[in-house]
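You will see two complexes here that share chain A, one where it goes with chain B and one where it goes with chain C.
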Partner chain A sequence: MTRPSFATLVGMIITSLFILAAIFANVLAPYGLAEIVGDAWEPSSSEFLLGTDSIGRDLLSRMIYGGRTTILVAAAATAVSFLTGSILGFTAAVVGGWFDQILSRFVDLVMSIPPLILALVILSVMPTTIVVLIVVMGLLDSTRVFRLSRAVAVDITVMDYVEAARLRGEGTVWIVFREILPNALSLLIAELGLRFIFAVLFISTLSFLGLGVQPPAADWGGIVKENKDGLVYGISAALMPTIAIAVLAISVNLVADWALNRTSSLKGGRGA
Partner chain B sequence: MQGGHMSHAESVFMHPVVLLISQRLTIGMLLLFAVSILIFVGTEMLPGDVAQAILGQAATPQAVANLRLEMGLNEPALSRYLSWLWGILHGDLGTSLTTQKDIATAISGRLYNTLFLAFWAAIIAVPLAIGLGLIAVRYCDRWPDKLISGVTLATISLPEFVIGYILTYLLTVKLQLFSPVSLMFDGMSLAQKLNTIALPVMVLVMVVLAHMMRMTRAAILNVMESAYIETAVLKGMSPLAVITKHAVPNAIAPVVNVVMLNLAYLVVGVVVVEVVFVYPGMGQYLVDHVSKRDVPVVQACGLVFAAVYIGVNIIADVISILANPKLRHPK
Partner chain C sequence: MLDQTTTPVLSVKNLKIQATSYPPGEKPKDITIVEDVSFTVQRGKVLGLIGESGAGKSTIGLTSMAFGRGGVRITGGEILVNGRDILKDSQSQLRSLRGQDVTYVSQSAAASFNPSKRLMDQVIEATLRHGILSKNEAKTRAIELFRKLGLPSPETIGDRYPHQVSGGQLQRVMTAMALCPKPSLVVFDEPTTALDVTTQIDVLKAIKEAIRETGVAALYITHDLAVVAQVSDDIMVLRHGKMVEYGATSQIITAPAQAYTQDLVNIRSELHSEKQENGTPILKIENVTARYKSVPINVLKDISVTLEAGHTLAVVGESGSGKSTLARAITGLLPPIAGQISFNDQPLPPAMQDRSKDELRDLQMIFQMADVAMNPRQTVGQIIGRPLTFYFGLRGSARKARIRELLDQIEMGRGFEDRYPAELSGGQKQRVCIARALAAKPKLIICDEVTSALDPLVADGILRLLLDLQAQENVAYLFITHDLATVRAIADKIAVMHKGKIVRYGPKSQVLTPPFDDYTDLLLSSVPEMRLGWLEEVIANAKMQAAGN
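Up next is the complex of A and B:
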């Protein structure tokens, strides 16, 4: 295992800080999520460290709660994506035949449309609740995990130990979980960080478009939307969540790059 | 596969390039057909009821039933799909539920605006990305390469709207160079239009530049590792001549692929950028009608975006087939 570089360490520390802030949001936030505490867009002061937002709520508190929502939704979507994508991808590689053909062609079809466009089409008829958002984002993203897992598993299924397991009569489930999964795990973990960033950018974009997390709940994309009108008057409130998204994405990227370099033979696309 | 009018004897002697290109076109048409089914199923057969979704949870059962009747939702799904597809094939995209206007008319002007924006972004981004990619290869692992890699890593990590607002803040508020809103109308001259779209074009360029430049660098580096490049270096050619005379001709096919992939990605980037700058294009139109739950408009826009995306990908395939000398001169 290579020693993490300085950049990787910085990435790890900042990522951990974001996760801690998300967990302890209740303790850290000085005011409530939807609590109106002052005038609209008050400048930064000792009372309101980042100032107030478009309707006089404390921006720092909304940023902290917003970070919790963004990270939670993105993490849950990544989990959905990996569970569906990897299990189906491994099974397709092990079973082969028409099962593999149907799934692979369906994944090709879904991936022939940009995920944002397909998400918008689906969200036009589904209620925009957190659960729907997580499932839609997770399933759309699972196509990329499917391709990676299937490609990795196809290489593993020709190994002697898988052949041995087949000969002694093990079933598909046993082979997927006991032979394929442990051998593909390190490659999948390297991909995890990249998929998580993609989910953060995806939910932020949806909320920015007004189709993600609904008010009064906050997430970073939504806070940008709420405060964007102030920008032309030189009020920088909308920039705070954009900076948070950028810093989180870059830190996770630094950690993911290190994980990717450790697993040298990985060939996974990071997606759009 | 390539059309029934062709006899078997002819298809045997068909030039491999024509064969490959017609295969790609056929696959593209099939894909688009499958996408139309996917969009229809996605909007009309998911657990949610379209009429209920449009009217909201508070709607009376009678109102929902009336809307279902008006939208023809009581017809079987297959016949609804077929009449929808029949209409599209004849240029009829249906009427909007919220404005009662013809969708095809509403889309045509907006599609032009969107393509206008994407065109200028591509004109600037493509040469810039290839140029920067070449510089990064020339100074591989030295400071210009590392600087370019670092900056592109940062822009890849940002969603489009973040780049949009940071640029807006810097250029319109801090430096006051541009107007923050891109209002475009028909009477404007080209120069006025270009000035109006300068900011959104800059954002789009930044969005695709990073991916395009990194992939160009990787594609050229891949070529640089081959034996004929080593020969050229050993016989004493200057590094620049090696790149322009030997590396570039062989790197055209992979680079064209990279460029087209990223142009296809512009289609997605444009949706968000249009909302940021209140630009009257397809993306804004789509997003507006998703929140109004205007299903016919969303279906039509989704299909148009998918068609553009698939079309650009087919063009990429065709160009890389044409750029491959082995396929151009068979035997």
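Up next is the complex of A and C:
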């Protein structure tokens, strides 16, 4: 096995820092989530490392708790979208016929509506709990994963080895999970890194618009919303979450690149 | 100025070609692809370069234009074209060399033409670019070349687009393109390998006559010794980038000095004599007609053949004759619209989905392209092991032992279980596919062009293996091929297919004995024979027939 490159190592370290911070938010955050500890928008000091927010809560603590919510929702939504999208996409390619037609046209229909508008409509009639958020985001995103997986799988199903498996009498489950999935994996992993970041942006957007995570719970989009008025007075609190999103996006994709390189080798990950 | 009559058109001395390889986890290192190769080509002469894939023949061909494909470097020796060392040429000198003094005909004409430009524009492009002729002169010359190369309606064929002519015609248009700028040397890189035998002969004929009439020198690259024997004056046999033997064509064909050349000359001599009918048919196809869904044309028309247990039926025909469709009909991938297929005296359900596991197991298939017939993400052990688990429920050590046994049967040693297909050679891949088919203990194996993608000697090994396995396991083969030499080597019975019909069918001795029907005659007479003067005979015969009519 080849040693991970410097960029990969950086990506791995930063990504794991984010994950650790999310898991151990209770321990790491100096103050409580909704605890008012000072004046509004105090500058950073030894007491409040990133200063305080619009109503005097510790910004660092809110960022840590917010990161936990954002990463959890985005990760769960990505998992939902990849599970449904890839399995349905592969099955549509393997089974074909009306099954494929109905699914594909339905996906076209959903994709023709801007996801943000659709999400706003659905979330305004549904109770805004974390689970609903995850499911709605995951299903909306799964249309894109469906399109990708179906396209990749259509190319793979015409290969002779899939025909050989069919001739052997293998069922759809074997063909999807043993013949197609391993050969589509590297593309899916490349997509995974991107889609996760889109999910982070999506949940942040929803919260910014007030339909995502509800106060007093925090997420990065919500923190931008709460502090956006401070920008006029030169207070940078609203920028903290955006920096966090950017750093997370880059580090996750550095790891995804490494995973892509590892899985795209045809010699079982032994070669470059 | 050098004397043009005595200076060879191409003279290569001690050529050394290297490339850089990047082994995983190690430092990049230089590997030698071609070493110590020297030859000369005189005006009007043809040198055949022959060898298996990876022998370096195309690489050597391209060096005559001082060109190396991706990452390949010419690191030693000298290459003289008309007495000038082209390795010392500047870029602009090279530009005028390529496409003017030296031209190139590639293997796949279909992939080499620009699909959105008319043929004529492409044929005269290089000639105009180098300012050799005016546009009208170039067109006149192109039309003249089209006529020499025997293309239909030479005046207008240049107005067509590449997809509007057949593969054999396109290959001839490409030859015209190469000859148009009046080069001193043409490099033919496997120009007929991708063609059917009956088309190949037209192209060979055209190339041979064009070379003779224009007096150009040529390098002819191929892996088929029988083909090269027809067109070249000298032959150089290459292996692993080194010269094995170099001499006049007559000497190489009739008295090869090296063991490797002798193997090449003696390839596919009859391996197997015909078995007597034993009266136990395993596969019976009666009046089968089949078509693809969206096309209202029957691809198979009223096909009836019988195959007996432990025998080999060869289905021969050109591409498009319907032979692979027959395989799809038998396997149930394409249920026939009429007729019946019986297996072991039991009618077989037409669609694959309706067949029982045992019916599926009894009928296995080996594909033409072994590299896409195996899942690149599975190891050899997993590939061979899956039918064992799927059909016989073998697991653990029993499965492992049987995999070993099968690997022994296909003459591959231990230690292959954990390899991935990408780590195998072409011949090894096909052997693994054979093992996968054998693992199911089938009564019939359909072999769809299983040796077509392989080098001659490797293909020979595969055929021998298949015959040995037939003797051991008493398995029947339905052998689909376009190669009559293969058929001669292994068949008991032959069915000749043409346009979806069987035009000739019977025991091998009978099918290959005159009197022939027209199509079988054409097919048989088109297979290049490993002797000198064969092409001239065929051309003479064709002229006599034409005169007779």
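Keep in mind that, in the parts below, the second predicted complex is superposed on the first by the 238 of 272 C-alpha atoms of A that agree within 3 Å, B and C clash if a C-alpha of one lies under 4 Å from a C-alpha of the other, contacts with A are read in each partner's own complex, and residues count from 1 in each chain.
Definition applied: contacts are C-beta pairs under 8 Å (C-beta built on N, C-alpha and C of every residue); 3 or more make two chains touch, one makes a residue touch a chain.
Quick caveat: nothing in here was measured; it's all calculated off a predicted structure.
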{"item": "Partner chain in contact with A:197 - chain B first, chain C second, else both or neither", "value": "first"}
{"item": "In the superposition, chain B vs chain C on chain A residues touched", "value": "B"}
{"item": "Partner chain in contact with A:205 - chain B first, chain C second, else both or neither", "value": "first"}
{"item": "Contacts of A:126 with chain B and chain C, given as first, second, both or neither", "value": "first"}
{"item": "Partner chain in contact with A:245 - chain B first, chain C second, else both or neither", "value": "first"}
{"item": "Overlapping contact positions on chain A, where the chain C interface meets the chain B interface", "value": "272"}
{"item": "In the complex with chain C, residue positions of chain A that touch it", "value": "2, 159-161, 163-164, 166-170, 178-179, 182-183, 266-268, 270-272"}
{"item": "Chain A residues within the chain B interface of the complex", "value": "109-110, 112-118, 120-127, 197, 201, 204-205, 208-211, 221, 224, 228, 231-232, 234, 236, 238-239, 242, 245-246, 249-250, 253, 272"}
{"item": "Residue ranges of chain C touching chain A (in the complex, touch as defined)", "value": "22, 24-25, 331, 333, 352, 355, 357, 360-361, 364-365, 367, 369, 372-379, 386-387, 390-391, 420-423, 436, 440"}
{"item": "Parts of chain B lying in touch with chain A, wherever the complex brings them together", "value": "31, 34-35, 38-39, 42-44, 46-48, 50, 53, 153-154, 156-162, 165-166, 168-169, 172-173, 180, 211, 264-265, 267-268, 271-272, 275-276, 286-287, 289-291, 293-295, 298-299, 302, 305-306, 309-310, 313"}
